[in-house]
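Here come two complexes built around chain A, the first alongside chain B, the second alongside chain C.
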Partner chain A sequence: MRRERQIAGAIFAGALLVRLGLFAVLSDETLAAITKRVELSTPLTDYRRLKEGVFLYQHGIPPYDGGVNHQAPLLLAIFALVNSISSALDPLIFALVDVACGYWLWKIAHLKPKLDKVLSGKQQQNSLRVAVGVPALAAALYLFNPYLVLSCLARSTLSFSHLFVLSSVALAMQGHAIASMGALAGATYLSFYPVTLLPAVLLLVHTTRSSTVSTLLRSRRAQWHTGVFFVWLALLLIASRAFLGSWDFVEATYGVILTVPDLTPNVGLFWYYFMEMFDHFRSLFLVVFQMNALLYALPVTYRFQRFPLFSVFVLCGIMSAFKSYPSWGDTVLHLAFLPLFTELFQYLRYSYVIALVYAFSSALAVVFYHVWINLGTGNANFFFAITLVHALGQIMLIVDTTYAMLRREFVLQHPQHRHCKVVQM
Partner chain B sequence: MAHAVSSLALLSLLCFGVVHAHFDEQLFLRPLDDNRVLAKFQFITQVDGEAASSADESLFPRAIAQIMEAYDVAELHLSLTLGTWMHDRWGYAIGQDAAGSGAELWARLKTNGESVDQRWRGLVQATGGLFCASLNFIDEASTLTPQLSFQSTHDAGGKRNRWQTELRYGVLPRENVCTENLTPWIKQLPCQSKAGIATLLNTQHIYRSSYHSVALHVNYSNQLREIKQTAVSVLESVNVEGKQGRPRWSMYNSLERRVPGACPVARNSTIVVELPNNMEPLLTRTSTRMEVTDAAATTAIFDMIAGADVGFHWENVRVFTGTLWLAFAHALTWGISILDGTGDHGKLVLEVENRLATSVDATLFQTTPWYMKLFLHSMQATLVDAQHSSPQTASDAIVQQLYLPSADRRRPTALEMKLRLPAESKLRLIISFDKSFLKYTEYPPDANRGFDVGPAVLTVDAVAEEANTSRIVGTRLYTEPFLLSLPTPDFSMPYNVITLTCTVVALFFGSMFNLLTRHFEPIVWREKTA
Partner chain C sequence: MIALKDVTRLRRRNRLLAVLRQYLPLVRFLLLAVGIGWLVLLPSFDYARETYISENALMPAQAYLRFNQEHVDYARQLTGEIETLLRNDDGAGAEARVQEAFRQLSFSVGVQPVGASAVAGVSSPSVNVCGVCHAPRADHTEALLLAAPWTSVTGRSNARGVAMLLALALALQTTVWAKDLIFLVPAGAQGQIDWLAAYHNATGVPNIWTGAIQAAVVLDLPLPTESDRYDSLVVEFVGVNGQLPNLDLINTITTVAGREHAPVVLENDSDQNSRARQLLGSYGARFDAIYDMIIKQASGRPSNLHGYYHPYKIDAVTVSARPHVGERSLDMRQLGVVIESSFRSFNNLLEHFHQSFFFYLLQSTNRFISIANYLPPLFCFAEDLLKQLRQQGSSSKTAKDAGNASDQSEIHAAKSSTAVWAAWAAFAGCLFSGLVTFMLPTPSVIRATGDTLPIYDGMFTYTVTSLLVLTLAGMASKAAFRYAVKTERSRSPKDGRAVAIQFRVMLRLLAAVLLIVSISTASMANFSLGLLVALVTTPFVMVLMQQVPRGNVAGGHNLVLQAAMLTLSSPPSMLLLGSLLTGMQPAAVLVQLANDYHAAGVWVYPFLCLCYYPSMLALVLSI
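Moving on, here comes the complex of A and B:
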């Protein structure tokens, strides 16, 4: 354990140094160019927009009465405070937030074997061998994921949302219900979609050998914790109201997330779809697409009620693929949980294809955006096509891991059918 | 006794036609440096509102009066302009004559309880309809209320400012101005184009000019109704005649019209030629009288004698380019440009240069459409001081700054600054911006041409007094409007995009539905044997 801590410490320190080193080495122009990448910064997480919001706030102009700033007011408050000390501290904050995310992920990886043991009981002891070093590996893969390093260099405020999601899951696994609900409320407050994780996190909080959705629904404590979540959320909103003195921010943040008025390209499916959408069908498809992003929370949690952490993993993937303003940073949160499920790897069918699709879409997204916007030799369809491929890669990963989980579940119950052929009837 | 006589005289004056309405017309001509001639047609109708009889009323254009009353407007300014006024070559346009390219409309509406914005919308529609201009495209996303610029032309606190008014400003840089706008404009004149100076408005020649602007300035109150109509043209060049190549210009050659008779209802009807001293032009015909305007020019005034011609010539061949006929012509230069504007972002550069030896107070007004998102926190202001003696920095030069961020599809950006430009200095402002991506229906039919962004306006407020500079005070300097190219989607794609995206979503939904609702069950599969 001590050795593991040392390794983890080295990884965290390394990640912090790499980030700070890159911030120090790269020129301001390079950093600005990274910040402008649409794959990394969306209108909701763009550092420049945050700075503009802080600037407007500090000059007494209502920061949410305009089309530029769509970020949570308390984030604005934090950066207004930091800016009043020195704006040179910003890179440090983003680097620290990333490392904190890595720490919580490490914590989750540590707690997972215990969780599995509680959930599965003793009869499957033999299948619960946990590879040594998984926590450190998960943290390292997360912190040195190039998507995340770039996202950090772009100073995307998405990492704050990640911090809250990961800490919420970790705290839930440790049984700190109120803190966990608070963190989840924070994540919801920052980027809305983490609200889909609520049932799964509640299940994590109430993990017992026999906990299912139906026992959860009957449980007083679970109801109370749901209440706590909404109280936290209300407190955050009221604090924002008190900070700004008006409710304008609700429309400028959640209104924008839900109605997608800003059609700046990103790696998601919304921007081109709603750019090209016929006006009279716009609201219909907005409802359909937002439902698609939120809909899976209950069925997935219900189906995997014995594996709430897996539900979190799948729902993070769905969020990253179908939220209205996704970026590569969202993909990282999805991929962060992947190393925790090493037991599924043997059941994956398309891992090679998925890896290729991710590599392919990452490389070509940059190229095609450049070809469209700067060179003018391509058009919007190029970038659109690559965002479709990116979404397809994420979808394949979600579907494949879901399949693998179900297959594994079956194998655990029927070890004798381990090598059977699967047919669909 | 004397008292009684004077009372009687006063009474008779009141009974027998004190004229409460005036109509003045004037054509102002001035040779310009680059062999062009400035022609300014000016028509002013004034009706003393309270004492006006029905005969007086008839002088004021009824259509305008109806609009002013229907929307409760105190002040209306409309200009329809083709081309950009070249300050460096033609000197400063005087007072209200400067106008940005395209259509510009600003008005002060009285606050009377009804929604100002709703009345403004009505006013825009009505004015657009009257002058055959597409002013109806000035919607809320391109309407602004300037706080520092475009202040009332009247002295504050004067008797005309008894009510509260609200200012609205709209600009359409893309408006194509042509004869169809001039015809309704002429119709508002008492004599229309049947008599008087308006007969000289020969559309063929007026629109063949380098710069053309028709404007309408209305002040409307119970005490005084005033309408000032101006048409400014920078007419094409002075001809060179004969073997000696004597340059000459005459009205007949330029407009194919001779001096008409005065409009019968006009109180004053004159043709005025301003002769800059350093160019030494000679009048072709003797004027009625001469006046010395200032150190730089002499003015010749002609009465309207039907059939005569007005012109000027020079004895010797002269090259006028480069000879600045007014000392202050280069005093202030003002420009706008875009840096790195090809991609999805860019930088807006505003430059104001003061070449005078004294400091100048000015007000800057810049508006950008909502799809050009300015990042004001990125603004870099630099002050280049030629003398390096002044300790002032850029922040000293910006006395006051007002900023209204844009709101998507609702409101443009407005940036206003009160500037105090030190002597011989140049202020440069660089602001980064992002371009928005629009819905495909929001792009104009020729989307790749780019989007017109209206001109920035610099109003000269005060100049620390020096000879010849007083004429620029109150002048508005417009930059050229510029084109902003926005990234475009593929306009032929709606069905494909809808189909492809929905396929991806359906693929996921189908797979997840399949997985979540099915179970793995062991089944025994017996191979059929023959």
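Moving on, here comes the complex of A and C:
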């Protein structure tokens, strides 16, 4: 344990140093160019828009006037406070938030074997090999993921949302129900979509051998914790109202997330459709697209009620593929949970293809955007095609891990059919 | 319940899959063959479409033209005058003469000094001079540009080009225009780059902005020639990173030239007496044209100054002329008329050029191949590489089984991450050495004296450092490999073989993924570069992948082969190869590559250092 802590400490320190070093070494133009990348900064997480909001707020102008800034009010408050000391501290804050995310992920990986043991009961004790080094590996893969390093250099405020999601999951696994609900409320407050994780996190809080959705629904404590979540959320909203003195921010943040008025290109599926669409179809497709992002939460949590952490993993993938303003930073949260499920790796079928799709879509997204915007020899279809491929890669990963989970479940229940081939009829 | 029917169906499917799997290696050869066959067929007429003017508003050769013999005489007189002025006194007189000519036409004049070092070696004024003819009743939001540099890209004086520019300015300003006209005399490539940057960023001098430049033509008519007759008009069009102007621009000029009975050829048209043309007739000529264009595009260098306009989304070509040899003839009047008539057509443009073809290969002035017809060979090569990867992936599984497989648990152990991490470490070492090679300072020119070749300083340091980096990368890879084998042996004594295989397969996979991704990415921006790299590497990768990775741990007999191949693929030997191909000194090749990247943003140098070289290095290390 002590050695593991040392390794983890080294990883966190290394991640922090790499980030601060890059901030120090890279020129302002390079950093500005990274911040401008649409793959990293969306209208909701763009650092420049945040600065604009902070500037407006500090000059006594309502920060949501003008429709540029869509960040949560309390983020503005934090950065207004930091700016009043020195705006040179911003990189440090973003780097620290990333490292904190790494810490919570390390914690989750540590707690997972215990969770598995509780959930699986006695009969599978021997099949659970506690993989050594997984926590450190998971944290390292998360912190040194190029997507995340770039996202940090772009100073995307998405990492705050990641921090709340990961801490909520980790706190839930430790049994700190109220704190966990508070963190989840924070994540929901910042980027709305994490609300889909609520049932899964509730299951994590109430992890016992027999906990299922139906017992959860009947349990008085679960209802109480759901109530706590909404109280936290209400508190955050009221605090924002108190900070700003008006409810304008609700439309500028959640309104924008849900109705998608800003069609700046990003790696998601919304912008192109809503750019091309006739206006009278807009509301219909808005409902369909948002349903896609939100509705899977229930069936996924229900099907994997015995594996709530796995539900969180799948739902993070669904969020990053289908949310209205995704970026490469969202993909990182999905990939963060992957190393935790080492037991699934032997059942994965398309790992090689998925890795290739990720490699291709990252390289081609940059060049297609260049061909479209800078050279003018391509057009929007080029970039949209590659965002489709990116979504395809994420969906393939979701599908493949889900398959692996179901297969593993089957094998554990029927060990005699371990080598049988599965075919679709 | 599973019905019998379903079972038989499954059996059939499995049999089919087994057959397919058996023939998979053949498919790869087939793909390579199809790719190469397609490239061989490209020059045939069946692939090409006839060029046409897509934008009706252009209406080429419909205008009444002003350029006449008087203007020719004016140009002829100016040529001599400017030529003398250029020879004396670092060309300050020539600069003043051009300014004076612009002022006489009541143009607004801008002068932009260019850093003296940029045009070292060639004596010409180091200033850009531009004159703007404001269209009297236009809204000054759009402009057309005519440029003639002081010196031609051939290194000779372009006094005739400058004189023609002034004569054309005299002829053109009498017409009523819808767009402003800019006449520019840039100081070489650097001057052109600086001028464009200053014009578009509105920084520094000249502080002249008239509007978005819709089309640009560069005149390049090097002196001396025996007479002022030429053989034919040459349209040069390949730009930075292989970018091409809109096809309508080239079409307009060639159409106008056709109407004026002025002989016109493209820069990639083959010589009358080229070997391919003599052997294969017109097919050979088209073959020459296409492959000349592909190589020019792949080099990323613009063939003339027009190339620097393309990154600003300005469609531009250079018009130059081939010296008179006998059969055909082009006189100065025809040349001027072609330019004037083309400008009158561009003046009709309602917005951008509209032709939807941005990616094309030109067989001749009136035949082009659109992207749909020339992209498939590249797909064949990429697919071929992917197939090989796939096979590597599956062969690693079988190798693991064969390597050491007494029971399940040991295979599981062999799958352990040490080999994979070691391969990643080796791969990172390759990438890093590529990065270091890219960052190495390039040799500097010691000023050449007279006619001798320029001497470069620092080539020795470059060679030694790059070889040192290479050796370090190789040693790091070996160390990672040894470490993996050692840790694995400490766990289970017999497992060295499986680890060795796994390490090599993984390293190969990583290298091949980098290669494929970078080829396909490069081809999206510069198709020809991607194609050439794919063409060179695919057979090499194929041969390499054919060989099953060895499980020997010591790797003694591979060392000589590896060392030989590493030396062959090292930057110095690549530079040597480059110098053999281009006939320049190795140092000159390097300086030019690096300078192209820094000055004009040509991506070939970083591509070679950061994508091609590391993947080749990793492939060699995985033998």
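Basically, the second predicted complex is superposed on the first by the 424 of 425 C-alpha atoms of A that agree within 3 Å, B and C clash if a C-alpha of one lies under 4 Å from a C-alpha of the other, contacts with A are read in each partner's own complex, and residues count from 1 in each chain.
In this text, a contact is a pair of C-beta atoms (placed from the backbone, for glycine too) under 8 Å apart; a residue touches a chain by one contact, two chains touch by 3 or more.
Computed from a predicted model, the values in this text were never measured in an experiment.
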item	value
Superposition on chain A - do chain B and chain C clash or fit	fit
Touched partner set for A:406, first chain B, second chain C, both or neither	first
Winner by number of chain A residues touched, once chain B and chain C are compared	B
Which of chain B and chain C A:360 touches, first, second, both or neither	second
First (chain B), second (chain C), both or neither touched by A:377	second
Touched partner set for A:292, first chain B, second chain C, both or neither	first
First (chain B), second (chain C), both or neither touched by A:274	first
Chain A-centred angle between chain C and chain B, computed on Cα centres after superposition, in steps of 10 °	60
Touching partner for A:191 - first (chain B), second (chain C), both, neither	neither
First, second, both or neither for A:311, with chain B first and chain C second	neither
Minimum Cα separation, chain C to chain B, after superposition on A (Å)	5
Residues of chain A at both interfaces, chain B in one complex, chain C in the other	374, 376, 423, 425
Chain B residues touching chain A - in the complex, by the definition given at the top	342-345, 370, 373, 375-378, 403-409, 411, 432, 434, 436-441, 487-490, 493-494, 497-498, 500-501, 504-505, 507-509, 511-512, 514-516, 518-520, 522-523, 525
Chain C contact footprint on chain A (complex, rising order)	352, 355-356, 359-360, 363-364, 366-368, 370-371, 374-377, 423, 425
Chain C residues touching chain A - in the complex, by the definition given at the top	2, 6, 10, 243, 310-311, 313, 358-359, 386, 389-390, 393, 513, 517-518, 520-521, 524-525
Contacting residues of chain A [partner chain B, same complex]	36, 38, 48-49, 51-52, 54-56, 59, 61, 65-68, 261-265, 269, 271-279, 289, 292, 296, 299-300, 303, 321-322, 372-374, 376, 379-381, 384, 388, 391-392, 395, 398-399, 402-403, 406-407, 409-410, 414, 417, 420, 422-425
